[in-house]
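Some structures to go through are shown next.
What follows is a pair of complexes built around chain A, which joins chain B in one and chain C in the other.
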Partner chain A sequence: MFRFTRSNRVILLFFVPLVALILLIYLIPIASTVYYAFRDPFAPGLSFGFENFGKIGSAIWPAIWRTVVWTLGSIIPSTILGFIAALIFQADFRGKKILMIACILSYTIPLVIVAMAWMLMYQQHFGLINVLLQKWSVIDSPISFLSYDNALAAVIVARIWRAMPFAFITYYAALSSLSDELYEAAEVDGANEMQKLFRITIPQLRSVTSVVMIILTMWTFLVFDIIFAMTGGGPVDATRILPILIYNELFAMNDIGTASALSVISIAVLLILSSIYWKLFNEGDLE
Partner chain B sequence: MKIDSARLMKALKWILGIGIILFSVAPIYSSLLIALTPSVNVMEAQLYPKYWAFDNFSKAFRLIRPHLVNSFIYSIVTVLCTLAITIPPAYIIARYRFRFKKVLIFSILLTQMIAGIVLLPSLYQFFNRIHLINTSHGLVLTLIGLNLALTVWLLLGFFASLPREIEEAAIVEGAGFVTVLFRFVVPMAAPGIAVSAIFTFINAYNEFAAPLFLLTDAGKHPLTMRLYSFLSDVTIQWEMVGSSAIIGMIPPVLIFLFFQQYIIKGLTVGAVKS
Partner chain C sequence: MSAKKRTASLWLSVILLAAVLIAGCAGQQGGGASNPGTPQNAGGSNESASNGGGNSGGDGKVVINVMRPGDQPKVEAWLEPAKEAFNRNNPDIELVPNYEGWGGWIQKYPTLFNANTQPEIVFYWDAKLKDATAADKIVPLEGIVDQAVLDAMPKEILDNYGRIDGELLYLPATVDPMMMYYRKDLFEQAGLDPDNPPRTWDELLHAVRTITEKTGKPGIGIPGKAGLEALHEFISMFVYQANGHGWLDENNKPIFNTPESLQAMELIGELAKYSQDGLTEYGRGELRPLFRDGEIGIIFESAWPIPLFQEKYGLDLDASPIGIVAPPQGPSGKVNWGATNGWIITRKDKAEAAGKVLSFLSTPEQLYKHHIAYGNAPIIDYELEQPEYQYDYWKRFNEVINTWKLIPQIGTYHPNPKGFYTELEPVWQSFLLGQIGPRETLDLAEEKAIQINRRAGIE
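Moving on to the complex of A and B:
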């Protein structure tokens, strides 16, 4: 029934705008990124090599390290917190719906607003965290959360706030669809809650966990807005991750070559991280 | 022993649950607290609202209104164009068999992975060359492009889950492709199309990096860029940061509350499948 015949082959024309846009927004920019990244900026004619990568030099390693810390530091807590929230919300209790909404709300708001809200939380004089900690006499003088030593952790917490709801909803849906059989069998055998959690629930959710972590990695790795709005990559270079470096190379240094080289490196790191996860989780499944 | 471990679990669940809820609402509460504080009192430590300076909101609204309008225009145009561009191909992919189908699906999904900041430097160069830089249609084209993969993916799932019988009966009756698609499929898939529209709207409304790279003219800036300028000012007016953040989160939060069931469904469909 749904086959292409000579008369209806014309409907393939509906693909034209889609393909044209993918060409315009993805293929041409990616092709030119690779082109600019490997083109030798010093040679008179067209010549290709690793000059742009050489120009970045060893400055790249701290940025890659911070990017990895930023990514893993925010997705692992987000996944764990989301999982715990999903477990808790499996039970029925009063006010469940409104509390669930409260936990998911941060998922829909712009990242710039996430940055604004956390900037307010972190302020020294009136920020909620400092006010509370001082009121409870945990600290004598306010903590400067956005100082050189604390800034990376501070932006990571803001990212966790935004990423946690995704893990929560995904786990929540997955948990509701687990079958009761294994739990009933475990109950007969006298397993306690902890045993059921670690022997049944978590192993059954392995594929969901890998999906959540891969998606959050791809989303977090490329996140630019939160750090750009909160610290601009600073103080000095404390939060300068790859996306910030790309922006700086393009607009501060006006160097499309190094910006493109960094984009190529970013894509490579992203591919490596994703494949590590696939390996980790798929190997576990084969056992 | 058994009772103890159960009780411990329960206590742990309570503590963690309350902790997670407090963590989730604290930044919004904190923004509200500062939004309600007059600018002269903004440096005071407060845990509960002491002031009720509602005029902060009207002042913030006056400052961001043109950009809120820009954001709405960009987002609505993006939603309409994205749907128009993706509905027919998504339906064809869902129903028809053809040779390069797998390659096509894979390359569409691939675009979702590399979306974002890595594209923008060359897009900036390229738009400069073809005179799309600093134009609203250049931005909207980019926003549509960034949302294509997700929309195709969501629609594909919804179309594939529809029963084929109605469409087959229509084809037997002699209905052409366009009639089948718009008279029968689109109305049946309306909830799925709504999910895609909601996600595209929220994504377009939230986008910050694309206008940052592609728009230099402040008059064309969407809301996110104007909000950012509150943070990048030399002297930051904190009560404006708070009140404009609250106003800025109202549209997506309202959409979320109104369509929460759809959104949660779309989120899990989109996420679990990919």
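Moving on to the complex of A and C:
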């Protein structure tokens, strides 16, 4: 049973600032969002209902789908590329440090700058990509990267470029900490490189992969800057993901109710995705 | 853990919490106009975050932040010398310019007004005077701005754009009608007469088609990118020309879904076939250099790109390959999209000082310098006497301003004009991309307009 001894009181006191911070930064904003999401704007007094969810009705499912495609389309390649880069950099070779810096440089660039740079590169008439591809005779006419059909893929590529370094840094650190004994034992048993990779390295990194994917999912799901700066959610609704929809509801339609309703839906989708990852990657560990 | 370490940890936690609380309270205090606090930009910094906090500078001066959105180099060319001149002669007031591109300002202004951190003087839109985010902050100008300045402004412009229900809320500074810019060289290459540009919709379509077919270059540049209001303005020009009126009536009800609008959409659909590839990637900013360099046959703009074209071709654009004329007339005759931008004062407690700044910025001399620096059409007689405005193309601008019916953007009285751009531009894009037809486009746009009204409390 907990007793209010002197030392327990001191311990509790240490928690006060942390609890206050958590309340201020996390719980109060979340509670406020849920309150506005369910508050019926048309009923007098304090009345709650699903009116705000009804208002956004038809726009929500396509936006969720696009957001899931954007998220998974970004984080899976980022994770795989980061892992491959980390494997490559386990070896010692000349110029390793400089190449490592080049690998993680994109992570230091603000998202809006990333968006502007990629938007200029994608430009049909004077973008670097089209100019080079035409110069090298790879294409005859410029590609419209930010067209309705291509825009989502184009912004996903920009996001992968920006997110890969995080996966790389995390895997690099994790790989460096794996025990050499496992590999030595595997060599004694006659395992080749591919067997060592799939039977030792990847299973050992399950929890790291889980963490990388959960964190990248949270970040990517809620990323607003890249898409807003590159396409504004367009053309039409090609890149209109949930954060863009929330922004439009709040700042264009001045409707805090619908913006909050969309935020609640975003939280729910994120929780589902995170639970799936946890189950996939950590169940084995628990067993 | 030893007692000393425990005490040190406890003090660190308390200091951390106190720092967070102080930072939060300081942020509130600096932003609120009602709390006299340390003013932003007291040193006249150009890197303003458009924060209008504080009643006075450290040396007792009243700080007046002036936000004039647009291309910063062009705005600076006018506003920096104006600032120097004003501050020199008004030791008790400090004019501080704020800079932001139009795209950024369009996104940012609702947040600033909602947070009450907007600049004291804002270069604003005539169609957003009833915008719910800003309406309650706009200060009436009568008695604050010099009467001589008001008398110098053409009365029709002042009354039509500046007054809401008889009250002067807004001092027009620029009048921007759409004009047709065309490349005389591409006209010649296509076998068209460069001295006889299109004057009707049919002639326009014919010219655009012929340029594309004969030269291989897009006959028309359409600003199909959303989020910059340019696409909606382009569509508006044709819809206004078709109907002779705007999108909404005086009660903000949509009145644009008409057979005449259908004609306009059908024309636009045809024009889009001869526009640049990937048209949804192009705003006005991307089209202008292409037109300047002869890669596009026709664009529709107001006076904004003129400084860019003058850089290449000199002041006398009539002697260049660029022709500038009134837009082709639609079924309603001399009707055109035409917006004004002008000044509002947003803080009552600083209205007197802001009035002095605004009076200075709106004198004929300053108005002329503003227009020359940014590339706006002349609107007062003083300007027409100046050397830069002696060329015929400026007279054509002035003629359209004074003799055509200019219809502004979304209805003057609408509390949420921004909602229309955000909701309607994707509909226009969908139409231009061929995803929906003209009839469906108008029906969908009307549905969106009704939804916007419903959510703004207009039934």
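In this text, the second predicted complex is superposed on the first by the 256 of 287 C-alpha atoms of A that agree within 3 Å, B and C clash if a C-alpha of one lies under 4 Å from a C-alpha of the other, contacts with A are read in each partner's own complex, and residues count from 1 in each chain.
The working rule: a contact is a pair of C-beta atoms (placed from the backbone, for glycine too) under 8 Å apart; a residue touches a chain by one contact, two chains touch by 3 or more.
Being a predicted model, the structure only gives us computed values, none of them experimental.
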{"item": "Chain B versus chain C as contact partner of A:M194, first or second or both or neither", "value": "first"}
{"item": "Chain B versus chain C as contact partner of A:Q123, first or second or both or neither", "value": "both"}
{"item": "Touching partner for A:L24 - first (chain B), second (chain C), both, neither", "value": "both"}
{"item": "Contacts of A:F14 with chain B and chain C, given as first, second, both or neither", "value": "both"}
{"item": "Touching partner for A:I60 - first (chain B), second (chain C), both, neither", "value": "neither"}
{"item": "First, second, both or neither for A:V69, with chain B first and chain C second", "value": "neither"}
{"item": "Touched partner set for A:N254, first chain B, second chain C, both or neither", "value": "second"}
{"item": "Partner chain in contact with A:L146 - chain B first, chain C second, else both or neither", "value": "second"}
{"item": "Comparing the two partners chain B and chain C, which touches a greater set of residues in chain A", "value": "B"}
{"item": "Touching both chain B and chain C, residues of chain A", "value": "14, 17-18, 21, 24, 123, 125, 232"}
{"item": "Chain A-touching residues of chain C, taken from the complex the two chains share", "value": "6, 9-10, 13-14, 16-17, 20, 24, 107, 110-111, 132-133, 224-227, 277-278, 280-281, 286, 290, 295, 416, 418-419, 421-423, 425-426, 429-430, 433, 435, 452, 455-456"}
{"item": "Contact set on chain B toward chain A in their complex", "value": "2, 5-6, 9, 13, 16-17, 20-21, 23-31, 33-34, 42-47, 84-86, 88-89, 92, 95-98, 107-108, 111, 113-119, 121-126, 141-142, 144-146, 148, 152, 164, 167-168, 171, 176-177, 202, 205-206, 208-209, 212-213, 223-224, 227-228, 230-232, 238, 241-242, 244-245, 248-249, 252-253, 255-257, 260, 263-264, 267-268, 271-272, 274"}
{"item": "Contact set on chain A toward chain C in their complex", "value": "10, 13-14, 16-18, 20-21, 24, 55, 123-125, 141-142, 144, 146-148, 232-237, 248, 251-255"}
{"item": "Chain A residues within the chain B interface of the complex", "value": "1-4, 8, 11-12, 14-15, 17-18, 21-22, 24-26, 28-30, 32-33, 36, 81, 84-85, 87-88, 99, 101-121, 123, 125-128, 130-132, 134-135, 161, 164-166, 169-170, 173-174, 192-194, 208, 211-212, 215, 218, 222, 224-225, 228-230, 232, 243, 246-247, 249-250, 256, 259-260, 263, 266-267, 270, 274"}
